[in-house]
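Chains: A, B, C, D and E, in written order; residue numbering restarts at 1 for each.
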Amino acid sequence: MSALLQVENLQAWYGESHVLHGVNLSVAEGETICILGRNGMGKTTTLRTIMGILRKRTGRIAFAGRDMMALPLHQTARAGLGFVPEERGIFASLSVEENLMLPPRVAEGGMSVEEIYALFPNLKERRNSQGTKLSGGEQQMLAMARILRTGARCLLLDEPTEGLAPVIIQAIGEVLQKLKGRGMTVVLVEQNFRFAAKVADRFYLMDHGRMTAEFPVAELPQQMDMLHRELGV
Amino acid sequence: MAAKSGPIPTDHVAAHPRAGQAQLLLVALALAGLVVAPMFLYPIFLMKLLAFALFASAFNLLLGYTGLLSFGHATFFGGAAYFTAHAVKVWGWSPEAGILLGVAGAALLGLVMGAIAIRRQGIYFAMITLALSQMFFFFCLQAPFTHGEDGIQSVPRGHLFGLIDLNRPMNMYYFVLAVFVLGLLIIRRFVNSPFGMILKSIRENESRAISLGYSVQRYKLGAFVMSAALAGLAGGVKALIFQFATLTDVTWQMSGEVILMTLLGGIGSLLGPIVGAGLVVSLQNYLATSDFPVTIITGVVFMVCVLLFRRGLVGEFFATRLGRKLGFRSES
Amino acid sequence: MQSEPRVVLSARGLGRDFAGFTAVNDVDLDVAHARIHALIGPNGAGKTTVFNLLTKFLQPTRGSITLLGQDITNTRPDKVARMGLVRSFQISAVFPHLTVRENVKVALQRPNGLSTQFWLPLSALDRLNPRADALIDRLGLAPYRDHRAADLSYGRKRVLEIATTLALDPEVLLLDEPMAGMGQEDVAMVAGIIRDLAAERAVLMVEHNLSVVADICHHVTVLQRGEIIAAGDYATVSADPRVRSAYMGSEA
Amino acid sequence: MTMIFGIPVQALMGQLLVGLINGSFYALLSLGLAVIFGLLRVINFAHGAQYMLGAFAALLLLTVGGINYWLALILAPLFVGLFAALVEKTMLSRLYKLDPLYGLLFTFGLALAIEGTFRYFFGASGKPYAPPAQLTGAVNLGFMFLPIYRGWVVIASLAVCIAVWLLIEKTKLGAYLRAATENPTLVQAFGVNVPLLLTLTYALGAGLAGFAGVLAAPVYQVSPLMGSNLIIIVFAVVVVGGMGSILGAIVTGYMLGVVEGLTKVFYPEASNIVIFVIMAIVLILRPAGLFGKDA
Amino acid sequence: EISDGKVKIGILNDQSGVYADFGGKYSYEAARMAVEDFGGTVLDAPIEVVTADHQNKPDIASNIARQWYDTEQVDAIMELTTSSVGLAVQALSQEKKKITVNTGAATTELTGVQCTPYGFHWAYDTHALAVGTGGALVKEGGDSWFFLTADYAFGYSLEEQTGNFVKSQGGTVAGAVRHPLATTDYSSFLLQAQSSGAKVIGLANAGMDTQNAIKQAAEFGITAGGQRLAALLFTLAEVHGIGLDAAQGLTLTESFYWNRTPESREFGERFKERTGVMPNMVHAGTYSAVTQYLKAIEAAGTDETEAVAAKMHEMPVDDVFAQGGKVGPNGRLIKDVYLMEVKAPGDVTEDWDYYNVLATIPGDEAFLDPAESGCPLVQ
């Protein structure tokens, strides 16, 4: 089975500072992978580069057999990639519901608004208030929810549990399981190792702009020492 | 509206070890240039340049270091020009007293306008200052002492401290140069003071500054009044240079012009507004007596500058390798 | 523990409405010297709003607040900060174009009264360097001392923010999710720092990382839908079935 | 005769109507400006120049191409919009990432260049443009003589205002645009072709200015300077209405037309600045403008 | 005897604003034409004409004037459209001891309280306009007036002088409304004028303001309703600018009309050849002013200011612009002015032939007696 998302020797720069030094990554269809790493190692940058937001980049990115390097930014989403940014990106000038409805549907199979509201009752209750008036955690929910509607095949989630109450984290874990059941592919960046361990099939460890280790969830017990050393888990 | 700058490269080109000396040398050269300039160039033109450079620098004190875009600075410049002109012509005050009155008047106007506008931010701040300055314009239009469209004409330059005859162009020139240098020194000290540091941090993140215990309104008001007073200094001097105070100096176009000068040169650096003012004034001066259609050229120059030199001419220079070697940092 | 902890910050009947929506209602809170007090609760429960009310970034609709024996219900936020109540922000708040050291010095210079002196040169601030560097070292930011804050990664920005807050040496410290987005190794470090700090001052913090709460907090207040549903030490609170279902889920 | 403040009621009604007519120009112009500002965060200083372009386009279409008013009413805004799209695509779009000041500065330069060019080729004092034969003459309303053309101006501008308002508020377009002003990259990452959207928006705003220009051509002298002082007043209208609020711009446009009209009766010298007085008061009391959402 | 070996005349006026057609580049052409007609040299020294745009701002104007005098050896400055500019440059020129001949500005102050020994006022002034338009209309029965006045000094003095003259002829002033400069919409003011019931609406404004007011007056049926429109400062150039449809029936005063005599026709045609437009009183006046200045130099045998100014005060003015004109001790050129009525579009047989000359007002009536002008130089 060939990979749905294939990244080879990806390099990226912010202005003159070189941040990614040859990232290799491959994600099979329906798989959930998790990128671990300390602060500032380039996890966010990896997602932003794959998404095409950071455009000063070299290497190869293939998604569903298509070369993504030449694609203009707005086509990336159309190709089926969905992105939840670390800083959430809730729009202040839009209401919660408008925020939710904003991203265009790119394919069939996204969740319906009812399903989403059932999943995140807070959002339903606050749906007419201004997007950025939500609490930090609610904004995080909204950012997730927004992308679930679009029917993207592959989600890039940047620390989706940051600032969330344990119940909600649990709920998101369940959502991810459910999505996996539907064949969704997920690239997760996480600091919350316990959460990641529950949902990921495979782990990458990132250090200074490179992937330094890769192992399936089954090998987790053997890798704990290394993780402890690298991350302080 | 704080200026955003593009992504900043983390690996700064280290300043050359003798960068400080190089900068000092540049400043000394520039000063020497200004001292001998009237031998080669028309002194009135040079004085105009200095007056506007000071005005733009005063404006930049607010925009570049506090992030407040005032669209009403003509009030202080033109208002001070009227005050000085009136004091000198009608009351027979000495030039230095007249200028001081202009400065004080501008500071007072700044205090009033600032106190009203400072509670608002960004474009709203700009709009309130615009509105208030339009009212001041209307006042000037209607008040008898300004003589409406005619302005206060034939303002005597008088004798500085009762001694130096300012009617002699060279005396006047060196007087203006001294005022200009003094103004710049004040600005330089102001922005590089602990107070300036707080202004900078307010511009960067206002609520954080509040949470650290700073009453940001007062700092902003302080900067506003300072900027107004210095703009008034420029205006008062201008009235003596041209022996004239007119409505032109209190129109919104004048407020716009100083914004242009500052942005063209580059905000947030001391040199930027001076270069910007120099460019605009020279352009106007050159085009006024040439055959070119003035506005087309001015317009195109602005467009080109905005598109190609976004950090302003000086900002772009600082961002070049040479600029960084000389130890300049584009600060905005 | 010692005899009677001295209450430095207290709120009575605190409430705040937003256009018909009650975000905080009838909250009583006592924060004591040398104690770490945690405020937890589901997202949107009103924790940040309580912070905003206490620091006067928001004006309460109801209730009163007392800081160090003085009523601050109608005091301006900068005044409150000068009285010794300083907060950090949930969404990272640094001065992006200042260096790490300058960020800290902005805070350090305030109690010194240096900040209004527009006639002094910047070098007047040099005497603050040792104290700034000490703080920076303590929080592990030494390698980045001369970097602009904007260039730091997210987690380090949070650490910097704490450093800046500490520079004021506040009587009462309000920390809004100080560990959110931080790597595990930093979490442990920051938790240690907070524990140290609390020896000489009161700390009120919002935190979702329950292991940290369990570790270092003396007292926990649980908020839901703007109201207090439980209060006590961690063991008591975490045993409360309402807290479990509303906040912790089955995990904790 | 009944009097109000020493003015006969009849005369006052005439003044109110006249104010409303002028208000419809303000509404149309501020609508375009509000669209551009609200959505692109660009303070379009070239708006007055684009208004003038619309009027000149109509004039040139007539004198050079023999094209009548009605066709010009469609063609001239299209032409102005196209020109604006070109400017946006090649130049203005590079400035979005920067502070809004740069957009202002650029469009200011653009306005100077356009006006200068027209002044160079057509002189400053301008040319007349006759109203279409169908709309000449006037009707006697009893209290005043209403030129038929002015009546048409009110109808046309109301219709266009409502259409644009519906387009932006009632379609998803509005949400895209508002979001794109905050974070264009993210919106684009959601699959929206933001650059195209912005180009079209700028063209729409400029086209509206052009439309107002054609409407104005038979009323005012068509001159390169006709728009130069307008921008600042129209911008004040947008601010009073609440920046980003399309409805606010429209309603405030009409309202301020009336207020200005009344000022012309009671204190005519101040009629140019009454808008600024109102702006200052509104901003002090209601910082977000009459219709703006609180920031 | 010619300083710096040449005679340099500066034409300083508005070349990009609302008065660009009123004077503008055409005045510069008129000046050059005068120099060419004069032969290009005076006392064997070449004559040069320079020009600049003062953008209607007195401060810009006095800057340019100062620079011309200080660095470019300009000997005299002429044209100087708009009163504030005229006054500023005349005052500066007195200080610098240079001659100004004003052909573009209207204010009587130039030769009144602010007169100078070296300042001349050539083409027209507010007094002539008041007497011409005001006086003639009262005689025709237009005895009640309402003024639309631009809110600045020029507007006031035009209103005041015309009003006074109307009253002195037995007419009344029903009211006035003062509009800000550069107002675009006059409908509100026109309604007020309409409801005042006055027989004549006097437009005490200039340039684009007058143009828009006239245009809108037609639209609101002012003239159709029986009221007359009197544009107090309006010339051929502006009539051409708004077109006869709007301007027909308008009454105005000019001191020159190209289609009045064979000489003026010949001059007009030559001027049009060069510029594409027929001259108005400002252009013809500038031609005359330059010519007279050169004649004075010739007569004085030097370009020294004092001597030339004396000659200019002395010599009669006889050229295409003025016949039997004389210059008062206050610097005022006294010559005939003409009351015109703008023809209806159907009555025009020739391009630019826009006027019927209704009356000729003799110079002594049109202009203030120097003795009464308030000029301190006149005992």
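As a working rule, a residue touches a chain if its C-beta (ideal position, glycine included) is under 8 Å from a C-beta of that chain, and two chains touch if they have at least 3 such contacts.
Just so it is clear, the structure is predicted and the values come from calculations on it, not from any experiment.
Undergrad: Spelling it out: a chain qualifies if it touches chain B and also touches chain E; which chains qualify?
TA: Neighbours common to chain B and chain E are D.
Undergrad: Which chain has its C-alpha centroid farthest away from the centroid of chain D?
TA: Max centre-to-centre separation from chain D belongs to C.
Undergrad: More C-beta pairs touching across which pair, D-E or A-D?
TA: D-E
Undergrad: Most remote chain relative to chain A, going by C-alpha centroids?
TA: Most remote chain from chain A, centroid-wise, comes out as E.
Undergrad: If you average the CA atoms of chain A and of chain D, how far apart do the two points sit, in angstrom?
TA: Taking the mean C-alpha position of each chain, the two centres sit 44 Å apart.
Undergrad: Can you compute the centre-to-centre distance for chain A and chain E, using the mean CA position of each chain? Integer Å is fine.
TA: Going by mean C-alpha positions, chain A sits 76 Å from chain E.
Undergrad: Calculate how many whole Å lie between the centre of chain A and the centre of chain C, each centre taken as the average of the chain's C-alpha atoms.
TA: Their C-alpha centroids are separated by 29 Å.
Undergrad: Can you compute the centre-to-centre distance for chain A and chain B, using the mean CA position of each chain? Integer Å is fine.
TA: Result: the chain centres lie 49 Å from each other.
Undergrad: For chain A, what residues touch not just one other chain but two or more?
TA: 17
Undergrad: Among the residues of chain C, which ones contact at least 2 other chains?
TA: 151 - these are the residues of chain C that touch more than one other chain.
Undergrad: If you look at chain E, which of its residues touch at least two other chains?
TA: Answer for chain E, listing residues that touch two or more other chains: 16, 151.
Undergrad: Which residues of chain C touch chain A in the complex?
TA: Those in contact with chain A are residues 18-19, 21, 40-49, 90-91, 151-156, 177, 180-188, 208, 210, 245-252.
Undergrad: Please give the residue numbers of chain A that touch chain C in the complex, ascending.
TA: 17, 38-40, 44, 86-87, 122, 126, 129, 133-138, 140-141, 159, 162-171, 191, 193, 231-233
Undergrad: Quick one: in the complex, what on chain D touches chain E?
TA: Going through chain D, the ones touching chain E are 8, 11, 14-15, 18-19, 21-22, 116, 119, 123-128, 130, 138, 144-145, 147, 149-150, 219-221, 223, 225-226, 229-230, 261, 264-265, 268-272.
Undergrad: In the complex, go through chain B and note every residue touching chain C.
TA: Going by the criterion above, the answer is residues 5, 8, 10, 189-190, 192-198, 200-201, 204-205, 207-216, 222, 226, 331-332.
Undergrad: Would you tell me which residues of chain A are touching chain D in their complex?
TA: 51-53, 72-78, 83, 85, 89, 91-94, 98-99, 101-104, 106, 130, 150
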